[in-house]
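Next come two complexes built around subunit A: one with subunit B, the other with subunit C.
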Partner chain A sequence: MKRRRFPPPLGVGRVGAVQSWRWLKRLGLAGILLVVLLVPQLFSTFFASTIGVQSLVLGIAAASIIFLNAIVGMVSLAQTALYGIAAYTVAKLAVEQGVDPWMAALVAVLITVVVALMFGAVASRSEGIYFLMITLASAVIAYYFFSQVTTFGSHEGINGVVPPALLGKPFVDPTGMYYAALICSVLIYLLIWYLRRTPFGYALQGVRDEPVRMRALGFNVPLLRTAAFGFGAFMAAIAGVLLVWYNSNISPGAIDLTRTIDLLTIAVIGGLRRLEGAWIGALLFTIVQTYSPKYTDRFETLIGLVFLAVILASPGGLAGILGGVDRWVRRRIGEVGTATVAPGQRQP
Partner chain B sequence: MTTVQAAPRPVALRLRGLSCHFGGVHAVAGVDLEVAGGERRAILGPNGAGKTTLFNLISGEVFPTAGQIEVFGQVITWVPSRKRIRLGLTRTYQTSRLFRMLSVLENIYLAVLGAEGGHMRPVRLRQDREYRTRAREVADRVGLADRLDAAAGSLSHGEQRQLEVALGLAGRPKILMLDEPAAGLSPAERGSLTGLLLSLDPAVTLLVVEHDMDVALRVAESVTVMHEGRIVAEGSPADIRANQRVHDLYLGQPHSPSGEGRVGA
Partner chain C sequence: MTLRRLRAEIAHRMAGGLALLVLVIAVVWVLARAVGLFGATANISLFLIVTLNGLTLAGLYFIVASGFTLIFGLMRVVNMAHGSLYLLGGYIGLRLVQNHLNYWLALALAALAIGVIGLVMQQVFLRWNQGQDLRQALITIAISVVLADQMIPYFGAAAVAINAPGGLNSSVRFGLGDVRYPTVRLVVLGLAVLIGVSLWYAIQHTRFGMIIRAGVDDRAMTSALGVNVQVVFGVTFFIGALLAGLGGVLGGTMIALAPGQDASFLLSSLVVVIVGGMGSLAGALVGALALGLVDQLSGVYLPAGYTNFSILLTFALLVFVLAMRPTGLFGRR
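What follows is the complex of A and B.
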């Protein structure tokens, strides 16, 4: 967002408040970034691994859903299938062919993107609920494919995947894995931040708002949708590669319908309209998933209640709640936001 | 303007036997139409006369059941919608189709980008700044210069209609089709819209579907009246005002002779 010095409209006191609130936000953000940066040093190995790495990786996967929804207006349930393709490719190449892990990762991402582009070329001609159903079907097909084809280990999946030496052994010392996931998350976030301000990014947002008009204005809407789906697959593929390195195995259970729904839950809890919501949602989901067994066996019920509570409080998820608090305070202190565009905020 | 009236103007748009059926509904039934380059043509007709379908056929959003569309001598009947802007064909919509979550400037920028091409480019280049400058100029022309940062979805109805026209203008059209640009505008807003349309480059061919007679008859040099998918009358605004059939069909009552002074209800 463009930062502007506001001309003081309502006297010194209010300007002071505006400035303080801005500094408070900056401090808060800096504090959060500092903690995120120092997770392996500040927290236990268990926390850094189970909560830290997992929520970053799930965050990347959920971010691919949010990117497609918030910027292109496509709700995809195929993202688990896509990260499954990447994870299986890495596992197959690394374990059975002895390919270098980095090379395997590169090939896996490429294959996933190519598959997604072919799928997208067909599916991108449909919109809304129809697109959603096609992606759901593809998720189910991918699950049955990997659970029944014996070269991919059927129900067992493929075990013994070793991450690159640089990243260490995730369960002994998650530091390397954590920073790999963090760097990927930050790069993806920045990439999308940049992308949405390019001609391609604007075109995608145009497709989200008015595909009919986009066609009349001379844009190739199916091509734009397909390319966006391919980019979403690129993000999902990175999540898949990190996932298989972290778990050291991949099995159909990691890409079944439950996981598809989990990922969508994460995206909705975090906020389908803002990218940062992906990681916020993933963090909450992972915390509930990890610590709830101490108190109850009913994880699904619990996360369902969390889901309900969040979307009842704010359709924009947790990210929407944070944005709402910010707007509320700014209104209170007189830094009135007129109806300028808040990035990613849908007007009611 | 010193246009040479003697030289015949080239035909910008020619429709031959154009028909479009939706099931049993003959929305457009055998329309023959010729519009000269630089002509200002109004298309009138009661609701359901097939005016908007005619526009959808010309802009390529709907394909015809029969007939042919020519633009500057080139047959474009089956050319996809998105390629028609390259021929200089732009349009606006009866109900605003704006990019609601983008700002006014970004809306117009997209219209410029669409006409210029290169929208798969995932990097920002110098020409994007130039496109934005062009977008600002267009916003200035339609009177949205002080609303550049406002989200299109947050604009008032009148401003949304102005932005509609801006999106049509941004592609530097040779043929500009406006679908009821004055719909729902206040008298003052209608006045400034009329002014804007009158100030258009004389080379631009203008097709206006309009219910508001003041705007239509002031802007147009010729008028086509449609009814039930067919053309029932064609002529100068004065002819149309005098045409009894048109009165019965559409105007309902005799128009005041001066015409222009009337302010719609």
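What follows is the complex of A and C.
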């Protein structure tokens, strides 16, 4: 066991250090938020479109994985399939039926959530690694379904999806698309932040930690899991709608096993326990994806190795590393004693 | 409480009955169409060939999935790289056969190579985080990503098939009508039966099998009784990976090898063990038969216009079994 150093007593200088570290963090966060807010103005169209919009959209999808893992303790690999369902519904309605894009989006989100609730009702009786396998199998089946059925364009997919006029053309002027993705990201983040403090959220966290005890207390554990899965599907559906608007097409290639694993990689790199990790991971992933072809043509190998390194070295991912740095600094300047981490508290 | 249990029991029975009903309807439908009812033309030889296709495919699925379920049953490791090991084994076999090695020797060497790769994978990456099943699954996913991507530059993206040796290239004639059937597929079926029987014998009637069964039931107790569990784990992972490699060469001969096959065989392994129950050999057998037959029969006997929905039947199979028994048909706990 490591020897624990007691924090030095809080002197005047120490208080100063604590205060300045807090301000430094706040300033840093404000700076990052300001940059994020002004991406379309500060960066080139290419950057705002390829990096900005993509990482926000992928971030939302990855956030649905992290939400399910961090709050309910379910690792779902079906999120790509769910966003695929939403994207296909939008494309089918908008391109072939000429439905208004907003209406199509609403219907798509609804259908995805309903499908997820039905599937969740069956799958949520399994837990842990079984749930992972069942969702993975379903995701691969969804891929084969969309690549075989001619109504959905088989391998070709559906092309020519136009986003609502309000959002403009993503590749000419990504501003509208960017802010739409940003607003969705922020709303989803706040929604989950709020949700985990509601009785429903606490019940979900109880299911994560002690499913047997929760059942003994009279909670309907499969129902709670199903509801959480539906909520995760809601997030994934929003990502799917934004994705199909951004790409203007959807094909089975966007939901195959590789994409499923890519999304999982984003969540793991960002950190499976902290929601903000989703967007950090997505940003890193998109940057590597966009700029690595200059150096190597084996992009998936690179991602796989990063994935492996993160799991082996730091299961908390980047968000976990950032949190660790913060804790280390705070311990050095004596803001936190070792006792702030209560015994038995879950470490990331 | 008793009322609740009664209701659960009734729901359980109803689900089982419903599943049985669907099964009966499906069998009647297929047979009726085979003999020419429901507007189909009678075609017994087609039925025979499709059924044989389903059985031989089930044999291949069984070989691959039994390795998967063996590893999972004993170690609780979901080897997501199983599909990649399958494909890599097939490619190694292909290279060996292309270099004029005897087919059967190539089969054995490729399977052994994959067994060793699996053993190394287990010793280097999985041994030190036993019990963390999610982390282990993620590690094997990462390995499968790297393997799948590295195979493309070495073996190309086009589909290739392994040449069967001269004797197997022929086809067998049945007495019935003018049915000819490729020998290779029947050999694969025979091998699957052989592997199944020997695995069953090894697990039920040998000392090593006894240790494996004990380990599946209670790992800690087995270890406390003086069994070197680490060695047992290593050997099991070796055998499990070896079966994937063996399946790869046979599958490469029977079907073809191409990028994407790793995903498809990972899926079939997952479905087979989810349907059959994790860690159960009998479950793997039943799961493989169900998947193989559904796969082949649905492509032919679904109503015209719906045949490309056949993958949904696989999904329906999965959902049905899970609704009935969340742990699979032969799963325990």
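Of note:
Rule of thumb we're sticking to: the second predicted complex is superposed on the first by the 323 of 348 C-alpha atoms of A that agree within 3 Å, B and C clash if a C-alpha of one lies under 4 Å from a C-alpha of the other, contacts with A are read in each partner's own complex, and residues count from 1 in each chain.
Rule of thumb we're sticking to: a residue touches a chain if its C-beta (ideal position, glycine included) is under 8 Å from a C-beta of that chain, and two chains touch if they have at least 3 such contacts.
Fair warning: this is a prediction, and the values are worked out from it, not measured in the lab.
In the superposed model, A:34 lies in contact with neither subunit B nor subunit C. By the document's definition of touching, neither partner reaches A:187: not subunit B, not subunit C. Within the superposed three-chain model, A:218 lies in touch with subunit B and out of touch with subunit C [touch as defined at top].
In the superposition on chain A, A:205 makes contact with subunit B only, while subunit C stays out of contact range. Of the two partner chains placed by the overlay, only subunit B lies in contact with A:195; subunit C stays clear of it.
With both structures placed on the common chain, the touch criterion links A:166 to neither subunit B nor subunit C. Listed in rising order, the residues of subunit A touching subunit B in the complex are 195, 197-203, 205-206, 208-210, 212-221, 223-224, 227, 338-341, 345-347. Residues of subunit B touching subunit A in their complex: 59-61, 80-86, 90-91, 93, 97-103, 106, 109-111, 113-115, 117-124, 128, 149-151, 153-154, 167, 171. Touching subunit A in their complex are the following residues of subunit C: 76, 78, 80, 125, 133-135, 137-139, 141-146, 148-150, 153, 263-264, 266-267, 270-271, 273-274, 278, 308-312, 314-315, 318-319, 322-323, 326-327. Taken in their complex, subunit A has these residues touching subunit C: 75, 119, 122-123, 125-126, 128-130, 132-134, 136-138, 140-141, 144-145, 148-150, 256-258, 261, 264-265, 268, 298-301, 303-305, 307-308, 311-312, 315.
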